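Dropping a structure here in structure tokens format, bear with me for questions.
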Amino acid sequence: MPLFDLPVTELREYTPAVEEPGDFSAFWADTLSETRAHKLEATFEPVDTGLELVEVYDVTFAGWAGDPVRGWFLVPAGRPGPLPCVVQYQGYGGGRGLPHQWLYWASAGYAHLFMDTRGQGSGWSVGHTPDPAGSAPAHPGFMTRGIEDPHTYYYRRVFADAVRAVEAARSHPLVDPARLAVTGGSQGGGITLAVAGLVPDVAAAMPDVPFLCHFQRAIEITSQDPYPEIARYLTVHRDKVAPVRRTLSYFDGVSFSRRATAPTLFSVGLMDQICPPSTVYAAYNAYAGTDKSIVEYPFNDHEGGGPFHEREQLAWLRARM
Amino acid sequence: MPLFDLPVTELREYTPAVEEPGDFSAFWADTLSETRAHKLEATFEPVDTGLELVEVYDVTFAGWAGDPVRGWFLVPAGRPGPLPCVVQYQGYGGGRGLPHQWLYWASAGYAHLFMDTRGQGSGWSVGHTPDPAGSAPAHPGFMTRGIEDPHTYYYRRVFADAVRAVEAARSHPLVDPARLAVTGGSQGGGITLAVAGLVPDVAAAMPDVPFLCHFQRAIEITSQDPYPEIARYLTVHRDKVAPVRRTLSYFDGVSFSRRATAPTLFSVGLMDQICPPSTVYAAYNAYAGTDKSIVEYPFNDHEGGGPFHEREQLAWLRARM
Amino acid sequence: MPLFDLPVTELREYTPAVEEPGDFSAFWADTLSETRAHKLEATFEPVDTGLELVEVYDVTFAGWAGDPVRGWFLVPAGRPGPLPCVVQYQGYGGGRGLPHQWLYWASAGYAHLFMDTRGQGSGWSVGHTPDPAGSAPAHPGFMTRGIEDPHTYYYRRVFADAVRAVEAARSHPLVDPARLAVTGGSQGGGITLAVAGLVPDVAAAMPDVPFLCHFQRAIEITSQDPYPEIARYLTVHRDKVAPVRRTLSYFDGVSFSRRATAPTLFSVGLMDQICPPSTVYAAYNAYAGTDKSIVEYPFNDHEGGGPFHEREQLAWLRARM
Amino acid sequence: MPLFDLPVTELREYTPAVEEPGDFSAFWADTLSETRAHKLEATFEPVDTGLELVEVYDVTFAGWAGDPVRGWFLVPAGRPGPLPCVVQYQGYGGGRGLPHQWLYWASAGYAHLFMDTRGQGSGWSVGHTPDPAGSAPAHPGFMTRGIEDPHTYYYRRVFADAVRAVEAARSHPLVDPARLAVTGGSQGGGITLAVAGLVPDVAAAMPDVPFLCHFQRAIEITSQDPYPEIARYLTVHRDKVAPVRRTLSYFDGVSFSRRATAPTLFSVGLMDQICPPSTVYAAYNAYAGTDKSIVEYPFNDHEGGGPFHEREQLAWLRARM
Amino acid sequence: MPLFDLPVTELREYTPAVEEPGDFSAFWADTLSETRAHKLEATFEPVDTGLELVEVYDVTFAGWAGDPVRGWFLVPAGRPGPLPCVVQYQGYGGGRGLPHQWLYWASAGYAHLFMDTRGQGSGWSVGHTPDPAGSAPAHPGFMTRGIEDPHTYYYRRVFADAVRAVEAARSHPLVDPARLAVTGGSQGGGITLAVAGLVPDVAAAMPDVPFLCHFQRAIEITSQDPYPEIARYLTVHRDKVAPVRRTLSYFDGVSFSRRATAPTLFSVGLMDQICPPSTVYAAYNAYAGTDKSIVEYPFNDHEGGGPFHEREQLAWLRARM
Amino acid sequence: MPLFDLPVTELREYTPAVEEPGDFSAFWADTLSETRAHKLEATFEPVDTGLELVEVYDVTFAGWAGDPVRGWFLVPAGRPGPLPCVVQYQGYGGGRGLPHQWLYWASAGYAHLFMDTRGQGSGWSVGHTPDPAGSAPAHPGFMTRGIEDPHTYYYRRVFADAVRAVEAARSHPLVDPARLAVTGGSQGGGITLAVAGLVPDVAAAMPDVPFLCHFQRAIEITSQDPYPEIARYLTVHRDKVAPVRRTLSYFDGVSFSRRATAPTLFSVGLMDQICPPSTVYAAYNAYAGTDKSIVEYPFNDHEGGGPFHEREQLAWLRARM
């Protein structure tokens, strides 16, 4: 796929005026306080995976509305704590999968919590967390569920879950709460930004080709899902352009970036058709933290740096925690 | 698209052994009785559409779990009742749209209730009925929501709504309850079969290129959505083949056909890639009623007979009610 | 499909210098006078459609060269005239279909003449009007038939037919000739503009996502048919670029717009890949009438406003006739 | 593209019961006699192509209805006659192109007449012959023009032209009328069979991956144009299946094969998705002549043997004339 | 993708007569003896990956013609030998990638050698092993390089490399040579079968959705690469069908299966469009060993069992070594 | 395909700063001198093609590394020399085919040498010349073979072969060495430019829609092969962007153009998606010769002017030699 977005020199300076509602912070403070009204109740059930170097636990904790959210927790077998910890979020459509798919961070000596995404996990990687909330008419997929109002929007529940995942990880006796990083690719990168903006004391944030950034531009320039789910919804609900724009303004990664201060390592594919580089750079350039860097993959589409970037992440993170 | 299913001579004799659980009837009796535990509370609010020959009402009634289900009700302006009535169900992904899209039956002198499909109506025709029930992880779309158990399956709610739509129509003073037909194309045809099997006294059923029939074959031979949503779900949930098959066995149009006795007019496209003709014929050949006929459209894909078949339906129905 | 044309702020000001031959008006005056040399001979044969609220007539009148052109004429059953009237033209490839497909305007109390397009009506909606004229070598489709010379170009015949359709409608005793509107979507919108430019006294023109406008740009920026039929013709007839450009200059909706003065309501899809918004705005901005408005559908492709826009049209037209 | 038709062992024995109207021969006798009522008036205008070894003439002769049909006539420069001659017909959508595209037969010492196909030649190879006959509504392309009646069907005119092309070639003083072969690929192959069936004394026929054979099967099993033009026409004109089948029965290559006795060399691609091998073998197996052979290209799609088969043709023809 | 191959009941019994040259065994004995004429010279260079639980080595050994072949060797950090070992081969187009992509077997306590595939590794997973041999004209890709003769065929070199990879693994002091399994998916599965047939004393073979089996059927029924590379080669080299068939008969997984006796666990996707299930079952049913089993994934395409099957493999292997 | 590159007015002035290594000329001087270290040994074996006007010879000469390179040599039968000569190079993926495919130049009175491209000729036109050199891991196709270093890059061998083809043609007694032109389309056009830059005394160069020009832009703006082979290679070999750019800088048609002085006739398709017009104009505008012209085909994709341009070429060449 050829270059289709802004030239790279413009990308690096791109700081669009992404609109933000006046009560953005209040909305999220309310959301988290509602969420925390339920007890966290994080449980870690050991799982027999046949692995010898890594111990695996099936995690459950109370997310949004107290709904049980699942995950995997992996630690180096027999290591004493406190361990630095990586909390990871999944890409769109995927679930937590099977635990042996996530051996990287534990093999590197980190505790690792991989969060399932509610309702997802039937598209490519298996998931096990229901989303008990229904919705008004929505386009197939998750992008437009409850999109008529920020309070009912699907990602309100997901971002609340994600904050709770950090709390669940920190609740484990092996984890050093001060050395906790968040990461994820695509949707996982968008969630990473949300958590970095909502949890001031995470030690690092590594959003990879992040999704859910600069919605207004994204839904106008991409033709590859999932952003176009929103555009297609609006082709039918022609009378809902304004409320949809309003809802999305509470969930934009650019706004979370403006509030995030943890050291951060981004990645971007300059030929990324799913998360166009201008939307990634909009978030990166807005990022409030000063220890920040981004790796460009000039010919890559949404696969970004793949294993090359995982290698970058480990070196970068090792230097910080 | 070329012929890809059985030869037409085999189709006409095709009566596969579609498996049916022993408690099929009990399951549906329970479902309806649970549904009817809520009051119907059908309301008809007049709508100003600018039309002069047809009066339009915005309908709301209590469907599954008492959830409010929407629809349009159209009648010839100024006609006294009792009127014969057509209840129509929508195809997959669509909603009730705007009322002026449905002028045919009212222009022909019938009362006409067009039911919205819960949760749908953001894919091509706008809908206004939420589906308040969430679900376990599901593939984008509606086919796999709650599919792990017949009690939570999405179509349990939809079929219950559809039965209630008949009751809502019959509750209107202009409608003659004895002269009520059900119809719909594709998913609407599948719903039509379910209602024909569950409501013994409908006066006619006109399923058009019906969907939701002979699932086991459908999910193995079609490559065009929505049946493949189920197949794709199973590519991820490889351990759920048996429970999914069990759930679907409670929703198969073939089983409803075996119980349906109203006069019926089917249609089938012999090149239908979405609802393959063998799945339609499996339902037609199983249909219990004796006043039955089917129109074949030999070169048509899923569009079937289109306006030609609407013309057939009116002539056929006029002769019966 | 993402935005691909000019930004919306530029669209609204877009007034390209579309070339126009000096004898444009003379060419069309000659064309109409040649056409009118044949008697109109409009006949209206009643059709039994089974409808009760709407009466339907099978119309035939003499179009270009006296060729018989078909259409449907629908009126509210039993209403006395004079009635306001809507004359509608069909989209590319479609024909007049079956009469019960066109119940909207009659249900709203208008007389309604739906014109068949000669030769078309085998692509999606059935047609019944031959085009007796053959042509020089042409690309499959209608866009390049006779394109080597404006006198032989296919749309010369169609536009002449369309003017005659207005005359046929006005010849019916139920129709009030002073209250006649023309409308149509896509090709029907292009024809609407031609008629609005050629028949000074139509009372309103409602071109919907109009086709056949600003050809020079259209054939360079669209990749979706039918405009690219012309481009593909020129890939083969490499030596015919100049005569083709000349021919098209006699048929450009922009030039007709410059001559049209009736009140008008346009629509445009900002993501329309078939009739790009710049080509629609080129015609809209050139429109000579002062009572003009346009509805933008920001996320829609060529489906434009669909039923939402029909609702707009009725309200707009009701206020004018 | 994989194998999709009958196994090769069945193909070689495949002799389907292709229906044939009782007046097939009479229809064609009438057609030719009507055609011959116009004088042939073949003219050969020299063309300056810059070639030195081959002389080129721009041919015009009276085809169906006396319509002027064009072609190229190439002969080895300076050779005295009488020369053996090859008359060639073009594939679907193409025209006669430029003369230097057809140097093979002349370079091999043959006179060569390449016939333009009326109306075609704007799809890939340029054409210069109009088709002055219009038609009833038809699908884009040529397959359904006039298809409602055998007398108006497009290929009636083309086959008549093709017979006249043989007569035009024979009228040239350099050509030995007794040594005249007909050939062509795809549509050109179908025309070749028609001519072989209608002109008893051609010396050889070389249909290459012939089109226009065994229509009934072809329109049911292929998804690649042009056969599906007919199927798509019938998806719209649902009420015209019977008359279309009847019309096609007058034009089936299988019926012409039954009447053709000249020595023949066929070719077939066993993975041909456009002209499926069963339709080619249906014609081949029905061929009446006894000096017949066919070359199978087991992995080729519609390109068949390409230059390999041209080499075969020259060797085969050299042995016969 | 729907079912397209034989019904599952036939697949389970499918034992086609795959042709095998008389000198098959001699050819491979010669090949291995030629290969072994070069010293193995396996080297293991430690790599700093940042991982703590797994030690990684960059492997180089002499493959076919003594060419240096690369791989990764991973072992549990600090574990004493002897360790059971898994040798793994890569899928088509991929290379050995980066070592942290392969943590599964080492995490489970096995030594693990992942072989790079010569020349590959620029399509999706990076590779580092050149293929110094050129070839006659070949289709893009690897399937037809040197295909005109079994001695020059690309897979001769690869299979020889693969046997040497087993020898390299066994040469490492930590590895218990008696407990060595071979595995791989797709192309890696085809190589696994070759090694299982050529190295009598491997302790287990786990071919996953294997490629390179029953070529004659595969190249006729699949439309998805890489098998069709061969079919496309033959569309051009129409005169090479026989030599290509002959060459492939020396490389067919069915023939290797007939010679393989190690315990084996296969997997197959019943909707696999790339390696059709009949070609997999042809190899499985021919497999000579008696401790054999196969896991069917009924709705999966070429992704087969994915992580579910890896879990199966570990349990199965654990029970055997 | 619509216009997607620069506007035509900008194209005509487009002179990008294409980087060129300081030792560009030295690299090629070395390459040619290495090549010429092997004896040319051009042989011309007569071939019996059945043609009478043209004599054909199977050519073999020593190309890069002395590797035997094949071609066809065609001359007007029985003509005495010295003849002007055209040397032609093939497009990407094709081989020399069969000799009767190349009758144009010989029919026009020229000697004609058509060079096979090493390794190619299995994609669409059959080839017979091996490429004995292997390579490091490369993407399927030829674009990335040996791309890590200019000395091993595939096109080094091809351009050396191409220069030798000129020498082979000149070595034939019938050829007048002073009247030799080079030509070719697409890849053949790129090779033409290389030869025009490396062989100062060719009499004319006719690059047609040339490939291999302005790589840096080409790999960023095209999505149609073969340029994207390089981009895809870099999606995997993310660490090789710099060496790949360096290698390509030794092979850029723009640099060869800067050194070419022979009279030249270019062609360009303004909608060419494979060789975008800006890359063609970059070479054309850089061309050093002063007798230069270019023909624009405004609506053509990569097919360019086709037979129309061949006609242009003959007229243009006839005026020069």
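Should a chain be cited, it is by its letter among A, B, C, D, E and F, assigned in written order, with residues numbered from 1 in that chain.
Definition applied: a residue touches a chain if its C-beta (ideal position, glycine included) is under 8 Å from a C-beta of that chain, and two chains touch if they have at least 3 such contacts.
Note that the structure is a prediction, hence the values are computed from the model and not measured.
Student: What is the minimum number of touch steps required to go from chain D to chain F?
Tutor: Steps on the shortest route: 1.
Student: Over the chains that touch one another, what is the least number of steps taking chain A to chain E?
Tutor: Graph distance in the chain contact network comes out at 1.
Student: At the interface of chain A with chain F, does the proportion of residue numbers present on both copies reach over half, so same, or stay under half, so different?
Tutor: different
Student: If you average the CA atoms of chain C and of chain E, how many Å lie between those two points?
Tutor: The computed centroid separation for chain C versus chain E comes out at 63 Å.
Student: Any idea how many Å lie between the Cα centroids of chain A and chain B?
Tutor: Taking the average C-alpha coordinate of chain A and of chain B, the gap between them is 39 Å.
Student: Indicate the whole-number Å distance between the mean C-alpha point of chain B and the mean C-alpha point of chain D.
Tutor: 50
Student: Indicate the residues of chain B shared as contacts by at least two other chains.
Tutor: 232, 308, in rising order.
Student: Can you name every chain pair that touches?
Tutor: A-B, A-C, A-E, A-F, B-C, B-D, B-E, C-D, C-F, D-E, D-F, E-F
Student: Under the definition above, what is the set of chain E residues touching chain D in their complex?
Tutor: It comes out as residues 219-223, 228, 231-232, 234-235, 238-239, 241.
Student: Given the complex with chain A, which residues does chain C contribute to the contact?
Tutor: Result: residues 1-3, 271, 297-301, 303, 305-306, 308 of chain C touch chain A.
Student: Across the complex, what residues on chain D touch chain F?
Tutor: 49-54, 76-77, 97-98, 100-101, 103-104, 106-109, 125, 307-308, 310-311, 314-315, 318
Student: Inside the complex, what are the residues of chain C that reach chain D?
Tutor: Chain C reaches chain D through residues 93, 95, 119-142, 144, 232-233, 236-237.
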